[in-house]
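Multiple structures follow.
Heads up, the next two complexes both have chain A, just with different partners, chain B and then chain C.
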Partner chain A sequence: MVVQTPNGFNLDDSGKRIVVDPVTRIEGHMRCEVNVDDEGIIRNAVSTGTMWRGLEVILKGRDPRDAWAFTERICGVCTGTHALTSVRAVEDALGITIPDNANSIRNMMQLNLQIHDHVVHFYHLHALDWVNPVNALRADPKATSELQQTVSPSHPLSSPGYFRDVQNRLKQFVESGQLGLFKNGYWDNPAYKLPPEADLMATTHYLEALDLQKEIVKVHTIFGGKNPHPNWLVGGVPCPINVHSTGAVGAINMERLNLVSSIIDKCIEFNKNVYLPDVIAIGGFYKNWLYGGGLSSQACLAYGDIPENPNDFSPEQLYLPRGAIVNGDLSTVHDVDVRDPEQIQEFVDHSWYEYAEKGKGLHPWDGETEAKFELGPNLKGTRTNIKEIDEGAKYSWIKAPRWKGHAMEVGPLARYIVGYANGHEDISDQVNGLLRTMDLPVDALFSTLGRTAARALESEYCGRLQKYFFDKLVTNIKNGDESTANVAKWDPSTWPKEAKGVGMTEAPRGALGHWVKIDSGRIENYQCVVPTTWNGSPRDSQGNIGAFEASLMNTKMERPEEPVEILRTLHSFDPCLACSTHVMSPDGDELTTVKIR
Partner chain B sequence: MADIETFYDVMRSQGITRRSFMKYCSLTASALGLGPAFVPQIAHAMETKPRTPVIWVHGLECTCCSESFIRSAHPLAKDVVLSMISLDYDDTLMAAAGHAAEAAFEETIQKYDGQYILAVEGNPPLNEDGMFCISGGKPFVEKLKHAAKGAKCIISWGACASYGCVQAAKPNPTQATPVHKVITDKPIIKVPGCPPIAEVMTGVITYMLTFDRMPELDRQGRPAMFYGQRIHDKCYRRPHFDAGQFVEEWDDDGARKGYCLYKMGCKGPTTYNACSTVRWNEGVSFPIQSGHGCIGCSEDGFWDQGTFYDRVTDLTQFGVEANADQIGLAAAGAVGTGVAAHAAITALKAAQSKAQKTPTEPTNEEA
Partner chain C sequence: MSDTVLILGIGNVLWADEGFGVRCVEHLARNWELPDNVTLLDGGTQGLYLLPFLEEADVLIVFDAVDYGLTPGTMKIVEGDEVPQFMGAKKMSLHQTGFQDVIATATLMGYCPETLILIGCQPEELEDYGGGLRDVVAAQIEPALHVALTKLAQMGVVAKPGRTHSDLLADASIMHETYEAGRPSEEDACRIGDDRFFPAAE
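Then we have the complex of A and B:
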């Protein structure tokens, strides 16, 4: 039976059902089921979040100054971004403005995370959807060298000998018979289109990126003491600055600043010499594979991030854009108000939770959550051995957030579409340049490839911004300001009895918000709506499908039993399931109604 | 094990020279804190020991352990994965998905029965029939038990697998449970921390491959070589503690001079880990060096010990060490008092965690 969703997709579940569980090379646990027709085209898609941890329940009653550490552990991949969102939410609630240096340092850390996350995502989680390391064995190292020098003349690692060494190592590895992480890959699937030389070049960069990523994060280590999970502070940053005097070894001093600066340069170099050229080169071979656009051509959401000035989140002060696009109308970018109860609402009709009033959507400040793990009548299998899920009923640990009723896509592509539609200068220049280089129309953005390309462009942009904020920090220090923390409201006795606040960031995967309510110095309620909740959402009460589901629709699979195309498109969102799954109480008897306003 | 290549075979066959191999062995020796005399022993071990298959499973977690692991500088993560172990299943990094991934899992379990290391990141939730964490349509706990059956030993990566970590903090809504409470018939090495230090992770693996035995474990099951001493014992700011020089407020003069963070809630005095010696991300820094106190992330139940900003000895109800000033002054006055103070802190910590089982802390109200 064919059913049209309100957001315009024709769902037909009559064809063969394909199940992918676990979906690998993502953060956390996820399941995907699709129906394909006789031609191998996906006609129905179902995305299920298969884990839930309950962090927001755990946060109740805690010290709000500790919340960053708890929420940081929502995700170790986008490490730090939840912590930043959390300290912003608490500062918003308590009316704290951080010093300018702290703003520059936080921005550098957030930008550094964007770059790290994008690089690791592209090379270590996503590349194997496009790149075939086994095929790289057939490459001619000399031709690979020529390819490298053509696509990226300034990358120093490009000699035939270099590629021959990597190829030899790869060859011995494959011939050992122990394929390790490459085991059972889909290496003879015709969906892989690269010539052997491009495969060898990209596989080599998989290894280069693995070495580089451990360098990138050192910016977090310098300012936050470690990575993953650096330390943060309500009111500023924990690292003091001391560039002139005795005892500077325990502070940000000249040596530390030089190290930060050198890492920023490495990021910029890698983006310029390796990441962007690779995406363009690989993308060039897949130019005709423009599937996977999903919601991106009609509904995109971004909160914006990277404020020029401390705690000022007005849209014109943000380097990453804010706005919403709906109904595919790029001529109008709507303003987004995360405090408005009518704008962001979460639905649970197809999620393993229950509301008092069925079919209703609730703003995070009015969040109402009870667990209800139940499976529909058309389930195949049992409660603890699911063969095929029934998407007509509840089918995911992810809630369905909606903006004014619309299912939205968030993430690098959404940010870039919002920025492009808004005439954001840097973003528009980058997008136009890329489309010109690749000889593609604007519509090509609305695709799996577009999502992957937007991430690379953003990494490049973030590299430049990181340098900007480094220079800003140094200038400020030069002008005599070494302050990094505002402690006026550190002591809870200075707080009002009740307070509420919102923190927003653009996490690598998209718009992230934390809503906090504080009562008598303790957290009364804490709610997170995270990027993969938006993208991975199940159907809502109206039957709108979410971004993952929409993106898989109408994709042709070369071999339905080998989910290369499904993985390719799902990975283009960089799913993070530990982030996406939501709040509830153990027995459903707590937190049932939380009012914050 | 005849059909498994040795580590040295693999390194040689992958084009690594004898010279590079010996250099690697000597780096390994120094990473493990062993003298040059151990280099030939390590080399011999590498030449004769087989590459060990590893199955790496993920329960409820945040993937910070995997992220930390790939940050390892010596040895490099790529060398571990390409040349030291055979990572035959890891759903975060492997190419295959769905049925093909499950098949790789089963093949490894069957082919290397009794020979593989099971690395566990995260933990199984037991509420809701285990369905708070589903893998392949089934509860994760089933997958864990299945993989544990044929494992030679188990590594519990990080605070989640070792102790439960954040999802097991009160009120632990999913009943997230550490690995040793679910698997009771296998040797388990706990490598706690949120996450553990990268070089500690690869150091533990390398130690086992090199010496073909489990590392010496303390009573909690942690490798004594990395978790035998408190962060405070080896902290470079320790002289400021002994001299009574403390940070009193964020970004004050003491903070800018690198004074002791004890009064800002640093848990270094009660936390066993290698942060102040091995440090993080190739030795670049560690939390205290970057101005924030240790939050004690490698200790059991560190989420439920009150706020991270309460100083650990501020426990006047026990009548000892009423405040840090007194400790500092006393320590400055007499050599050796610092040691006594630490013994007292350790005793206090035990008392503290017992005391906190009674619901006196506002944070524990729902327990």
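Then we have the complex of A and C:
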């Protein structure tokens, strides 16, 4: 049966069903099922969050000043972003302002995390959807060196001997039987298009990125006291500044600031010499693979982040843009008010929850998290061993957030489309430059590759912003301002009996919001709407499909039993989970089980 | 010069027995004084963030909740090449795939610690978000520490009763007792898990 959704997709569930079932639950499990037609084209897509995420309820009754430490444990990757969102929500509720230095330091930590996440995502998760490290063993090191010098003349690591060494190291690793990191690929699938030399170049950068990422996170260690799990503080940042004497242990001194400065420079160099040139070079071989746009051409949402000044989140003050685009109308960027109960609402018609009032959408401040696990009549399998989910009924632990009723895409591509549509100078320059270099039209942005490219551009932009806020911090310190925290309202006796607030950030993978209600010094309600909730949302009461589902529609699979294309597109959202794939035959028998990373 | 030892607890403290590894390291820090060449680290569910710590270590001792398919609360110790293999024994954990990758990556980069010891405990309950350790698992913390201390003594690393300061442990608000004491009631906090996460034994 073919059904047209209000947001314009024709769903046909008659073809062979393929199930992609991830396993880890770092931020939330996810499972994906698609139907493909006789030509291997995806005609229906169903995205299921398979894990109960009850962070909201476990925070009830806790001290709001501690919430960041709990939220930091939600996710195995973007710990700091959740913590920042949490302290912003509590500060907003209690009217706590932070000093200028705290704003600069928080921005640097957030930008640093963006770069770290984007680099690690591209090289250590996503690149293997495009790059074949096994094929790299066949490359000619001399030709690889020539390719490297053409692609990025200013990158110093480009000699034939260097690539030969890396190739030998890879060979040893593969021959030792520890294929480990690379063992789950479909390396003979025709979807891989790179010549061996490009594969070797990119795999070499996989190793360079590993070295770099170790350096990048030192910024979190310096400003957050430790990493993993840096420290945060309601009212500022927990690192005192003391540049004029030896001072307290752990205080920020010139030596540490110099280290931060050198790390920022390394990020800028890597983005310029390696990351962006790689995306352009690899993308060049896949210019005809423009699947995966999904909702990006019609509905994008960004909350914005990186405020110029502390305590001012007005859109014109934010470096990462805020706004919403709907109905594919790029000429109008709508303002977004996360407090407005009519704008952001979560629906649970297809989610394993139940609201007191059926069919209604609830703003997160009024959010309810009552679980109701039930399966539809068209389910295949059993409650404990689902073969095929029934998407006509409830089918996900993820709620369906909507902005004024629209399903939205969030993330780097959404941020860049909002920024581009709004005439954001830096973003427009970057996007236009990239399209010119690659000789592609603007429409090419609305694709899996567009998402991947936006992430690389953003990493580059974040590098520059990081330097800007570093300079701002140092100037302030030179002028004698060493304040990093405002503790005037630390004591709960200074708080109103009831308060509510919201914290927003742009996490690497998209718009993140925490809504908190405080009563008598304790958390009364806490709701997180995470980026993967937006992108991975199930259908809503109107039948609109979410961003993951939309992005898979109409993709042609080379070999349906090897879902490289599904992984490419899902990975391009950087959902923070790894996947395991089960490919099912139409009668539900499992054909192959392949673990996907 | 003596070997550099990293004692790492991994797992997610928010998922009941998944917190076993992190709690072991906490208890070790609180009750034993270790020499300067030993680092205690709460690794949470982090992946690549842990690489720099591995790079600096000659000896790695990991505490973790591992599904060996044994009776809950059973401890099992594996060493050397068996470690990564066991960490991926079952696709059950928040982090095991991730940490297996960390070891593989360290190997690829040529700086995996020479000595690997995994002190694992079979969990009883994972599907309890916001919950703490079950009694049978909590009861294994002391024996697990004993195993680690014995291994350390064999390497010439002597621990004395006391405390070890480490900046690399959890924030006070989610330390073992505070975390478990502050839990909301069952009426407030849904305790339903996803039973599909435990597919019937295959």
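Criterion: the second predicted complex is superposed on the first by the 561 of 597 C-alpha atoms of A that agree within 3 Å, B and C clash if a C-alpha of one lies under 4 Å from a C-alpha of the other, contacts with A are read in each partner's own complex, and residues count from 1 in each chain.
Keep in mind that, in the parts below, a contact is a pair of C-beta atoms (placed from the backbone, for glycine too) under 8 Å apart; a residue touches a chain by one contact, two chains touch by 3 or more.
Since the model is a prediction, treat every value here as computed from it, not as a measurement.
With both complexes brought onto chain A, simultaneous placement of chain B and chain C is prevented by a clash.
Of the two partner chains, chain B is the only one that A:487 touches; chain C does not reach it. Of the two partner chains placed by superposition, only chain C is touched by A:370; chain B is not. Look at A:235: by the touch rule set out above, it reaches chain B but stays clear of chain C. Touch criterion met: A:61 reaches chain B and chain C at once. Legend: residue contacts after superposition of the two complexes on their common chain; A:284 is shown touching neither chain B nor chain C.
In the superposed model, A:214 lies in contact with both chain B and chain C. Note on chain A: of its two partners chain C and chain B, the one contacting more of its residues is B. In the superposed model, A:405 makes contact with neither chain B nor chain C.
In the superposed pair of complexes, A:385 makes contact with chain B and with chain C alike.
Within chain A, the residues touching chain B in one complex and chain C in the other are 23-26, 29, 50-55, 57-58, 60-63, 66, 69-70, 73-74, 76-77, 79, 120, 124, 169, 173, 178, 180-181, 207, 210-211, 213-214, 217, 225-229, 231, 371, 373, 383-386, 397, 578. Contact residues of chain B toward chain A in the complex are 4-5, 10, 13-15, 51, 53, 58, 60-68, 70-73, 76-78, 81-82, 86-88, 90-104, 125, 127-140, 142, 165-167, 169-174, 176, 194-195, 198, 237, 249-251, 255-259, 275, 280-282, 284-292, 295, 297, 303, 307-309, 362-366. Those residues of chain A that touch chain B in the complex are listed here as 19-29, 31, 50-55, 57-58, 60-63, 65-66, 69-70, 73-77, 79, 120, 124-125, 128, 165, 168-169, 172-173, 175-176, 178, 180-186, 207, 210-211, 213-214, 217-218, 220-231, 233, 235-242, 245-251, 259, 371, 373, 381, 383-387, 397, 482-485, 487, 490, 522, 562-563, 567, 578, 584-586, 590. The touching residues of chain A, when paired with chain C in their complex, are 23-26, 29, 50-55, 57-58, 60-63, 66, 69-70, 72-74, 76-77, 79, 120, 124, 169, 173, 178, 180-181, 207, 210-211, 213-214, 217, 225-229, 231, 369-371, 373, 383-386, 397, 578, 580, 595, 597. Those residues of chain C that touch chain A in the complex are listed here as 12-14, 42-52, 55, 84, 91, 93-95, 97-98, 100-101, 104-105, 107-110, 129-130, 167-168, 170-171, 173-174, 182-184, 188-190, 192-200.
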